[in-house]
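Notes follow the structure.
Labels run A, B, C, D and E following the written order; every chain starts at residue 1.
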């Protein structure tokens, strides 16, 4: 079993590292190797899900590290492996031959490997390591086209934002050691008094950052700068999912701390609602999908906050499949038509039918339309939320309406017949074709996304819960299911009608701006954090040059200074060590040499006067 | 005739010699000043021997040493002056002031 | 009363070397005066052997006025070894001079005087030794008979004569109030002496010794003589007399002054601070290397005074002083040897020296860094012991001043070291002085070995 | 009687000393100095130091003769033909020496000098001789060496012609090649009678 | 054996001096050979130590040196010094390989570096305060000559500043050592004896003074804010190999001294004033990172990140002194501190060598004049990126292992002060991340700058010098046990010593 435990994460990591090390030499074989490795990883993941391997190894003193596959991990490793495989298959088709494929597939494999470690880690050290490596890989992948300064900037913002949140995990690790004398994930809820709250605070911060929940959401918008397969992977089964996973994993801690659960639930719910609105306001397909990711992850976070682990996990898996599908489809259009603007994409689905159909399935799943999976999973977690607080349920329901809205909006935009707005190649030069390998994974993902919800149906729910090791989680009532389903249906229908009539849905001005621009979160972060820090840094650097070092130089020039003080002219010019020290010591040196007149009689006089002074000193000192 | 009287004489000679040593430009005159200082010391040494500790000969030896010192220093002084005069044709200290700073 | 001349064997060997050398010189053709150098070196070596043998014997007092103890042993060894180095150092530059014989002979006379200075237990012997150690120096300073040399001789002589007289006056006063000139008599006599007279006497006595050590207030001759005299002589007069003078100072501090009604520790501490600070400051921006070295020797004299301040109060003082003296002597001579070998006084003349003669440059660096007190040279160990003694003797502030001064001193030593690494190597000006080179290498090596093997050196002292 | 003699001699000695720096000729200065020394030698006789007193007198006569020779050699105004004012830093010198004198006088008056212990022996000179052969032997030994060193040193400095100038570099010449019309300095150096055992060692 | 390791480079240096007729290439090859043999010996020493859990000193040699002050040539290695000795040997080897194409006064350079290697090895192996000091001082001298002789820009001035500043520090340190010596009964300079029976335990005031002196001396060398101002100019104007050694090895002397001397010998005073170290550490972390963030000169920037990284170490040793804290956590902090010394040596050494490559090609360190270097110099870019990520503490590289232990140890010790300090210090990793991303963006990525055309890719020797450092950083980042197994017993010992 140990072998499997090691092989599962090590295979993609090692293969990825190898591809990275090889540089451009392996570009030609990289795609095939990447796909093959990810296929093998799928196999390993399934095997691991069945056999549940676990490994423990020493890493730091007093904190044994380990990786293990339990129910939750089993679900996630399979999800991660499968989505990765699908995305890589697609990427093998999309990526131009001249691209640095070795780097791309290497990074993707390491990225996925890090996610695999994240979801299997049993302690904070290993978790944090994988967690941060994943962040760094996301940086490298978002900045994959590094020639473009803007994309590089996006990558930097994404990395810094997530790393800022990651500091919470460092804090949590320290507090865990202080409170529980262990870094194991399982014992965190038993930590001592102030420490447990601090651990929870740290974990929550890190998870919210990773999952792009409020107020960190803006980085996900920036993450769109990467290639479409990257978005597909990053938005579905990895990265953003890691935050949700961590909160689901640590739901007992959240429950134990009390305020943390409530906070997390509300953040999730509000994110689901507000980012849903943001998604509605987007005019760019990928930006819409990105905002919808935040919103959908919000449901999972809400689930973790209220302890709906089964519902949240189901939501995670279903969303992973649907969202990767949607991004791949958007990517396929982008590659073929050279645009991702919603208006310009009019007619795209009709032109590439298979893409269009699978996209429709994914969009409707996203919209929560019965009987597709997100409808069920959402309701199963909202059911728990309703128990916790009706307010939460209401917000969740509103967010579900938003989801239906943006699902429908995306669907309508691409399925609309081509019209005056339709354009091509506004963003990049389109290839005009969608390759076979790009199409290959779409139907499978669409199917998975559509039907995975069955696990939350009353018939299968107990087995699902057993798998995840949770008990006593109420399933959704029929009424609730009907309510949300019909609401979603209504919204979609209304949207279809509105689209048919070419009705202009006007959004109030005060809401349109913030919603289009992701609530100006990035601008706020820049103004409140980045720019002040940079200003502080500049000020400190100036301070360092002038004052701290100046103090040293001033000490060197003390001789001169005292001389000037004595003569009433006080001026402190700090211009260079040697100039200052030089002048000071030169002066002192000249002073010291002044008695050396060369005249013997002055030597006589000085010697005698000094001797007389010494006599006086000695007499006085008695 | 008291110790103090002798010492006063010694001090006077010493001070006069000191003045000469400090003020004379001519090296030979300067050396005279030095000799006068030793002159004072001779008086003081003799007086201390006689008035304080005549029991031991230390004072006498001191005077003897002082006389020898005087002779040797003067001999060296003349030699130095000769060498200096040969080398740069000066016999006053003021003109031997190249080395300074 | 012990009048066995064997107790003075090292001194007598040296003296014999001088006298035989003198006589040989009278009958040596001009080009073959090297025989005198050999004889003098033999005398010094014999003296060294005798001193080493004597070091194994128990302490004694010879002629009532000559103390034979570890201080004397070390003084003898260091003086003899340093003189030997100077003899070797000067061999190249005085070869064929019509007074070559006298040169060596006078060096040996001064060495004898210095050894007696360090061992004397009577103020009159001290004064006589002062004369014997000084007078050859005056002549040596003017050895070149050039304008600068004679001026140096004049200034050296004038300072020496005045301070000799001042010292004589001090001795007279101390004799007057202490009823004697022998240290043990005076020690008791001074206990009840009137403080005013004792203060005048002590200050005047120390003033004379300060002339020999080249310390404030009698340091004025040092730069002028060092610049004006032949370099080998400069090496001698800034090194050898110091050894005896510090030994004498230490002895006075331990034997003569303990019960004197004078705060002599403070007095010497003031002198130490003034000397090291003045020497260091004056050395800044000095463009003549010999003057630079002169001021450096002044500052070193300041450091050397520190163990004297705590003499008798710290167990480390004696060792600190003696070891520092030995290390200083060899290092200082090494630095001068480089100057002799390069034959260049301007600081600028050392630019690019690494290129021309790397090993000589290395010796220079070792010696100068040694003077800074950089480990593992001997001066470092000396400085360490000195600081330790100061702290131990409750003069921590003095140690702090010494540390500050050491840091400041780095500056001017580096001003010399740095240009040697400069890229453009101007054509060499100095001749090849083989003896000086060898002395430089030897001194640098000994300086290092003294530091590394200080354990061995210290067990013998 | 003795007291009177003391004070007379004392005043004369000081007056002689002062005269050294007041008179305007080197010759007079030299003889003033000699006078001062003679007075001091006589004062010594007053305190029973007969041998030393006489020694001082004789030594000083010799030394002043030498000094006279030097004056003639080096001073531009040996016979007082021209006014001689060659002082520097006169005020400073006056202040310092005056200050020293004042301090010394104050000390002499204020300090409680130790009382006399013991009495002078019958034969003072014998006592001196005994001391020199006994506890102070080293003093004279060292001084003897110093005298030797002084001879060598002063010769080295003062003469510009050594044995190799007179007998050739190989010391092979039978007769010294001395210049006939010797310059004064050279003669002075080689004929310096002032120090014991003077003369050119070569 | 250990003495052979220490003095082998010096012997090689003397050999180089003794054989004057040797081409530059041959000189460097001899140099590389000596470094390689020395490294092999160190590896043998490491392996020969075995995996014993207990901390012990191995390879001990003790020869009388200055018996009157009980100073001896006493060397030995334990878990604190062995990693640093290995780091020293490796880094010097890297510098030797890096200098393969050096043309300017090669022999002197090689001799100086071999001499410095002996000095650095000797310092970490020293078990006698005086011996420690000797090496401490010599390191300053040697580095001064490196800066003055082979530096660029305003190197004379920077070198002088470096020398005077650190020399002053060393003398203050010496005063502290003398204090320790005099405080011990019987007086001794021997570290083992001093550690066994801490001096001045009866007089807290004196102990505090001595700790102050030792602390100032080591702080200047480390350097900590506010006595760090010699560092940036010295680094900027030093040759690349010199900077690598200065940052990689010599800065460790200060922190090593804290762990080796200050903590175990003055446990009482250290516990009392641990908060000072904590405050200084945190200030250093944030200050160094922030000032680095505003730099446009690559080398200066890296120099300031050194201050930041050293700040973590000072914070860790400070937190380790809080007696109230959890023992296991404090051990973790000390282990982290030592790991950080090694990690920083590897990573910053590599960064300085890389900036040396940059200067070699473009004659400038100005970030604004480069850009898009990944295009023309992919290997350079890749290594720089790895080094940058290692420096910003990315897991999988050594920096994370070190910093994580420091944070966790400091916070985990459970005292409010250390926890708060640790929490604040975590901000440092965010700022360093920002500043290194800034470097990557402006140097390697984006569009070309005016000097980008001149920068061609790494040569074989350069890669061979830099890549092993980063590879080792990667190994430590992934499988740190081989290192931690050596350090942990020693840090446990330090913690128990400081608890007395």
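Simple rule for what comes next: contacts are C-beta pairs under 8 Å (C-beta built on N, C-alpha and C of every residue); 3 or more make two chains touch, one makes a residue touch a chain.
All values reported here derive from a predicted model rather than from experimental measurement.
Shared contact partners of subunit C and subunit D, listed by label, are A, B.
Nearest to the overall CA centre, using the mean of each chain's CA atoms, is chain E. The greatest centre-to-centre gap from subunit B, using C-alpha centroids, is found for A. Looking at contacts between chains, the pair that accounts for the most C-beta pairs is B-D.
Farthest from subunit D in terms of Cα centroid separation is A.
The geometric centre of subunit C is 42 Å away from that of subunit E, both derived from CA atoms. Distance from the subunit A centre to the subunit D centre is 101 Å, each centre being the mean of its Cα atoms. Rounded to a whole number, the gap between the C-alpha centres of subunit A and subunit E is 34 angstrom. Centre to centre, using the average C-alpha position, subunit A and subunit C are separated by 75 Å. Within subunit B, contacts with two or more other chains are made by residues 14, 18, 21-23, 25, 30, 52-53, 56, 58, 61, 65, 68, 72, 76, 79-81, 83, 86, 93-94, 96-101.
Each of the following residues of subunit C touches two or more other chains: 124, 128, 131, 135, 138-139, 142, 145, 153-155, 158, 162, 176-177, 179, 182, 196, 200, 223-224, 411. Annotation for subunit E: residues 160 touch two or more other chains. Those chain pairs judged to touch are A-B, A-C, A-D, A-E, B-C, B-D, C-D, C-E.
Interface residues of subunit A facing subunit D in the complex, by the touch rule stated above, are 599, 601-602, 605, 608-609, 612. Residues of subunit D touching subunit A in their complex: 88-89, 92-93, 96, 99-100, 103. Interface of subunit A with subunit E (complex): residues 23-24, 58-63, 125, 128-133, 136, 139, 143, 146-149, 152-153, 156, 159-160, 163-164, 167, 170-171, 173-178, 181, 183, 195, 533-534, 536-538, 540-541, 544, 548-549, 551-552, 576-578. In the complex of the two chains, the subunit A residues touching subunit B come out as 593, 596-601, 604-605, 608. Residues of subunit E touching subunit C in their complex: 17, 64-69, 71-72, 108, 130, 133-135, 137-138, 141, 144-145, 148-149, 156, 160, 163-164, 167-168, 171-172, 174-175, 178-179, 181-182.
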